[in-house]
Structure formats: structure tokens, C-alpha cells
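When the chains are written out, they are named A, B, C, D, E and F in that same order, and each has its own residue count from 1.
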Amino acid sequence: MSPTVVVTRRAHFNAAHRLFNPAWSDAENARVFGPCANPNAHGHNYNLDVSVAGGVDPGTGFVLDIKVLKDLIEEHVLRRLDHRNLNLDVPEFAATNPTAENIVVQCWRWLAPAIPAGKLVRIVLWETDRNLVEYTGG
Amino acid sequence: MSPTVVVTRRAHFNAAHRLFNPAWSDAENARVFGPCANPNAHGHNYNLDVSVAGGVDPGTGFVLDIKVLKDLIEEHVLRRLDHRNLNLDVPEFAATNPTAENIVVQCWRWLAPAIPAGKLVRIVLWETDRNLVEYTGG
Amino acid sequence: MSPTVVVTRRAHFNAAHRLFNPAWSDAENARVFGPCANPNAHGHNYNLDVSVAGGVDPGTGFVLDIKVLKDLIEEHVLRRLDHRNLNLDVPEFAATNPTAENIVVQCWRWLAPAIPAGKLVRIVLWETDRNLVEYTGG
Amino acid sequence: MSPTVVVTRRAHFNAAHRLFNPAWSDAENARVFGPCANPNAHGHNYNLDVSVAGGVDPGTGFVLDIKVLKDLIEEHVLRRLDHRNLNLDVPEFAATNPTAENIVVQCWRWLAPAIPAGKLVRIVLWETDRNLVEYTGG
Amino acid sequence: MSPTVVVTRRAHFNAAHRLFNPAWSDAENARVFGPCANPNAHGHNYNLDVSVAGGVDPGTGFVLDIKVLKDLIEEHVLRRLDHRNLNLDVPEFAATNPTAENIVVQCWRWLAPAIPAGKLVRIVLWETDRNLVEYTGG
Amino acid sequence: MSPTVVVTRRAHFNAAHRLFNPAWSDAENARVFGPCANPNAHGHNYNLDVSVAGGVDPGTGFVLDIKVLKDLIEEHVLRRLDHRNLNLDVPEFAATNPTAENIVVQCWRWLAPAIPAGKLVRIVLWETDRNLVEYTGG
């Protein structure tokens, strides 16, 4: 049986967002989210590490061609999020606060059904060099 | 005479912006700036490297205390730009396109008069890990 | 049920230490620890990655506010270790060798009881860019 | 009982390789592997993160001396791969395509029997800053 | 008069090479270049930082559109060097040793005539994270 | 005439230090240097970038062999500073405050006379990822 390896591709996107719960008053949003609730938005260079686990194909030596994984991330995630305002331009965050936690879970929902070989096992989203979140589907 | 050393402090800020020339039509802005002209903005984690040159003080061994430089960057730059929408929240970019080039020159104008020892000699602004600009006051 | 996400905050501290077992002779310490046993100490810029897992709060979109996590790391770890000599200034390392392994376990003991939401699941301590240790509480 | 900690050492090597399945025609190799099948090879700066888990020795405070781990990686991996053409200079890749997946599994086979304390638990191989693979022995 | 700003774009390429002077004996090449003279080549992930200085255009706020600079680097450098064996696949290095020094000078010769606005002022080539060269046209 | 290229080698060392002017009272040292004056020292992972400029040798394609530069940095700098307490173990800092400014100037004095080909043109010393100093001999 071929060994199981995890393959990870790192992608980048630039986006604006505002931490904001539309069910709350402006004062409540400002109290909870501080400067992150600035109505005109701020932004980030996000890094996204997408990991797929599977057996190594004896013919190619690949779990899946990392170029295929790169293209899937572009099609299913970057096309929706790159150079966007997450609150205003992305329907999934119209009513859901675009925190790193909610973004990483949404990326999983977009990507998991699209992986053609192996299985999506982990997504890490870096909001800054010091703040990151990780989701494994649970 | 004491040697002349350049001291650099790196700071970070997160901001949204839109590349946009208000004197142009929307179509012209879209043609020139592409996805960077998205009306709802996108954003970045900016890094800012501020460099001051001067003689080394024989008493302290400092050109200037880097903690002082850190505080000056917070007061003169980060307080204005961090967690802001550059086009909408920063008066200096109300009519000036907030490209990396224009931001770095504006940071110089804010910081140069405030340096208490030595002389501001270089500011580098990183918009992403691959795109950066550098200004030396000329 | 809300998804479970791991949130990580990276912190930094600068400290001096000496690898040294007080129960051994100087010669034995020198033999085992080499230049790391230098009596006058050497030092490092440590990075500390603290990870908390939990359900995403539907109101905030957070597992826990990462600013809260940042403040807890400052209160429980950085206040004790930053700009210190680990052997001489930190009671927990008076009789315990401040190896990366022992430091990361001690950080866990300080932080685990303090996490207000979710659960501490992993701490990674980087002693240099090439040497790191990881503890998950076992 | 002493806590269990994972210790990781990062190593580097520079190598040339060509993605190529000798059982296939040149056209098939070009179709599957694209520019990576260039007959004259291309190359990478590889990073290799080797992780060993074990109890912390009460005398040394180490799982294993990271200098020992460094030396084992040099002896068992770098001596074979650094400054080499993986296809032409490394017998294990004469008939096996030197994809990142196959390299990381081979590094495990070389290293696992050599670890003197604790147990090899993870190897991560970075082919570029954006492409990496991880193997845990399964 | 508009301020003069330096704009830098970082690009990447992966290549194999061998340090080798065809005018010397194999023994002389091995003595001077050590493992870098391995006949079957080794390789690197190269980073290339290309810097252009010029006045900031009042309409666009750009020295030159960094996307244009990115495309020029792809056309004039990456198309020639990426996924290649520098000695065997690149005519300019058929008789010239592909050291970092010679590569960076060659990149300058390819790029300098192509810059449409501003002036090429610096190219930095990173062969590894610790070895780099810089050329300013002199 | 051969082009002039700048070659840079990055080296690392780990050291403890205390910012302290022995001519001042303890209170004055604490007031000026804050936690950096901690009598038991703290420490850093320093990075040192040493740059040599010169003509490219037509035979080797080198300004100078970067392995030679690496060895010179080890002999003239790392042997003195790595795994040391700068104040207590290094005679040059017995009476001179080991600030980053004073360290970088001292490294220049050690290295400049030793460079066998080309000319030392710049040394950059990183005390942390955010604090660095640069000396060009003036």
C-alpha cells in the first residue's frame, strides 16, 4: 500500500473587511470589536494554507498535482475573495461576521467538495504574521 | 568623531484602500487600476521600515533610542493609518490616490520633522511580500 | 453545532539563559551542553505560538478574542520571561534547566488555567529559526 | 512521569531534479509534468523539518540533544541529497520519481531507524515557500 | 516636481546549475567550486528583486504600474530561466559560469532596455536565504 | 572592465547582553535603558549581513568565494560573539555599551582588514525582526 502524505499549497489574497454584527447596535459593535469595527473597513494580506492527504500515486509520485490544487484554490476561493471587501462583495459574509474563524470555515465549505484526489484535511488562514486560525472540518 | 550608523525600526499597520483617481471616469479607473479599483476597497498588512542616520552618542551608544523611534512612528503614522480606510478616513488621501508610492511619501512628510536625533534617510513600505517602495526624500 | 476552530497567537520575548544542571560538575555541564553552558549566559529572541481550540461564538464569530489571548500571554508569560535571565530571574528555572523543552512545558502550566473560552491545545516555542519545540499537554 | 514534547530541527539542502516516469514516453512525461519534466533538470532550495517526540530527560532537560538531531540529518539525509541531482546521483530515485512526496517518504526511511531517543513523528519537506509535504509514517 | 520613488518587485524562479569553468580541467573545477561543480548539477529557488526609480506620475500615483514590472520580469527573465538548467538551457551561460554574480548582471542586461518608465537602479538575486548579490549597473 | 557586484553573506549568532553605561549610577542606567538594563542580562538571536563589493573575476565568476566570506565571518566575528555574554565575555564591550550600533561598528573593525578581494561596503545587524542597524564605514 502506498504511503499517505499531506500536500499543502499556500495561496495569498488581499481583502478589506470590517468586524461587525448587524444584529447589534453600533455602540455594541464598537465595544466588542474596537478599531476592527471601523465602518469604512480596514484590510489584510491573507495567506491560506490548504492541505490534502492521500496515498501517493505510483505513476506520478503525486497525492494530487499541486498545480491542480493551486488552480482549485484560485477558482473556489481567490476568485471570490481576492481584492474584495468581504462584507460588501461576498454574499456568504453579508450576514456573517468575516472573522478569521468564519472565513476559514467558509473556505473549507467551498473547497472540500472540489478536491479530486485525496481528502481535504486542514486549512490554515493567516490574517497577520501573528494571528492565524486552523480548521480541520470538525 | 563618532561613527555614523543607520537605525531602522519596522512597524506594521492594516488598512483598506482603493486605487482611484476622482478626476477620471469609473471606466477609466477600472481600465487603469483593474481589481484594485474595486469601489468597496480591498486591503493589506503593510510593513513600514523607517531609517534614521546619525552619530552614535558616546553616553548611550544609541543614534536614537529605538523605543523613541517606535513611539514616533505610532504617533505620526500608525495613529493615522492603522485599521483605517485610506481613501475615506485619511484626509491626505481624500484627493490623492493611496498608491504605495504616495503613501510612502506622505509618511516621510509626517515623520521627517519629528525625528529628534539624527536624520530621516529612508522609508520602505511593503504592500505585500513582493511589492515594495522606497523613498529617500528626493 | 458551531464548528471547532484553532486560534493561534504568536508572541515574542528576548531572554538570556544558560544550559546547566546544578547537580552536575562544571566539567560535566561543559561536556553535555558545550557552549550553551557558558557561565555568563547567551540569549535568544524566542517566538511563542499559543493555540486555543473551541467552538465559534455565533455572536462574535470568535473562538476567543485574539486580543484577549494576546493580553493573557503578556500577563502570564512575557511579564515573567521577557528581558530576563531565565536561570537567575525566573524562580521556576532556579533548579530546572531552561531548555526549550522545559520552557514550553512551563508556559503551558502558566497559561492553561487562564484560558477563558475554548481550551489550550498546543504551544510551540521557537528558540531559533531552525530549533523549535511543541507541547500539547501530554 | 515526564511530559512528552516534540522537538523539531530544520535543515536545508540544494538539489536538482526532474519529474519523470521512465516507464512513460517523453510526450507523456511532458504532458503530465510540464516544465518540471525538462530533461536537463531544474532545482530547489529544500527545507526539511524533522520532528522527534519523547519524554523530557530529567537530567538534561532534552528529549534529545538537538545538536545530535542536526548531525543525524546531515549524516543520513544531507550527505545523500545536498548539491546533488536527485535523479542521477541518488540510487533511491533512479527508478522512483523525485517528487516532494517520494522524497519525504524516503527521508523517513533513512531517519527513522537512526533516532536514538524518542521517536520520529513527522517530517515536513518544503520544495518552495508555497509548496510543502508532510509525512507521519503511515 | 514630483518625488522620486524606488519601486521593487520580487520574482521567483527555480533552476539547476553547476559552477564550472570549461577552460579548466575537471580537477581544477572540483578544487575551486567543491560540491557546486557536481557534473549532474544541483539547484536553487532563486528570488529576484528588481528596482526601478522614477518620478511619481500625478495621474496614476505610480512610478510604473507594478503589474507591468511583474510582466516584464516574466517576459525577459523568468521565461528564460525558470525550470531550466542554466548551463545547458540558457545560451548566455553556455560559456559563462552561472554564478550568482554573473546571473544578476545578465538579468540587468535583459531588463534595463525594457523598462518603460523610470530607470532600472538595482537588482538583487537571492541564491539562498543567506547568500545574495546586488548589482546597480556599474 | 568587469562589472562591480555586491556579495552578501548572512550569519547568525546567539548572545546575551545588558545595556549599561558603567560611568552612570544604576538608577540612571535603569532610567535610560529600562528593562534592557536588567543586571542579569537578556539576549538575542542576531543576524549579521556582511556585504563586499568588487569586480567579478572572469575565471571564477566570483567577487570572492562566498564560502571564504562565510569562514571569515566565523573566524573574526562568530568565534568572539556566538554563545557569549557580550558585556562579560568580549573585551571590546567591557567598557563600551553593547548596543546594536556599537556591535555593528566593532564587527566592521574586525572584518574590514580581513577581506581578501573586493572591499567591505556594508554590515547590517538585526537585533530582532523589527530592530536593525546598518554601518558603511563612515
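In this section, contacts are C-beta pairs under 8 Å (C-beta built on N, C-alpha and C of every residue); 3 or more make two chains touch, one makes a residue touch a chain.
These numbers come from a predicted model, not from an experiment.
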When every step has to jump to a touching chain, what is the lowest number of steps that links subunit C to subunit E? 2
Which of these pairs, A-C, A-D or A-B, matches D-E in more than half of the residue pairs in contact? A-B
Report the inter-chain centroid distance for subunit D and subunit F in whole angstrom, where each centroid is the mean of the CA atoms. 33
Approximately how many whole Å separate the CA-defined centres of subunit C and subunit F? 28
Round to the nearest whole Å and give the separation of the Cα centres of subunit A and subunit F. 41
Scan subunit A for residues touching two or more other chains and write them down. 129
What pairs of chains are touching here? A-B, A-C, A-D, B-E, B-F, C-D, C-F, D-E, E-F
Using the touch rule from the top, collect the residues of subunit E that touch subunit D in their complex. 12, 14-17, 35-36, 38, 40-45, 82-85, 88-89, 128-129
Once bound in the complex, which stretches of subunit A touch subunit D? 3-11, 51, 56, 59-63, 65-67
Please output the residues of subunit D touching subunit A within their complex, sorted ascending. 19, 21, 23-24, 32, 34, 96-102, 104-105, 129-136, 138
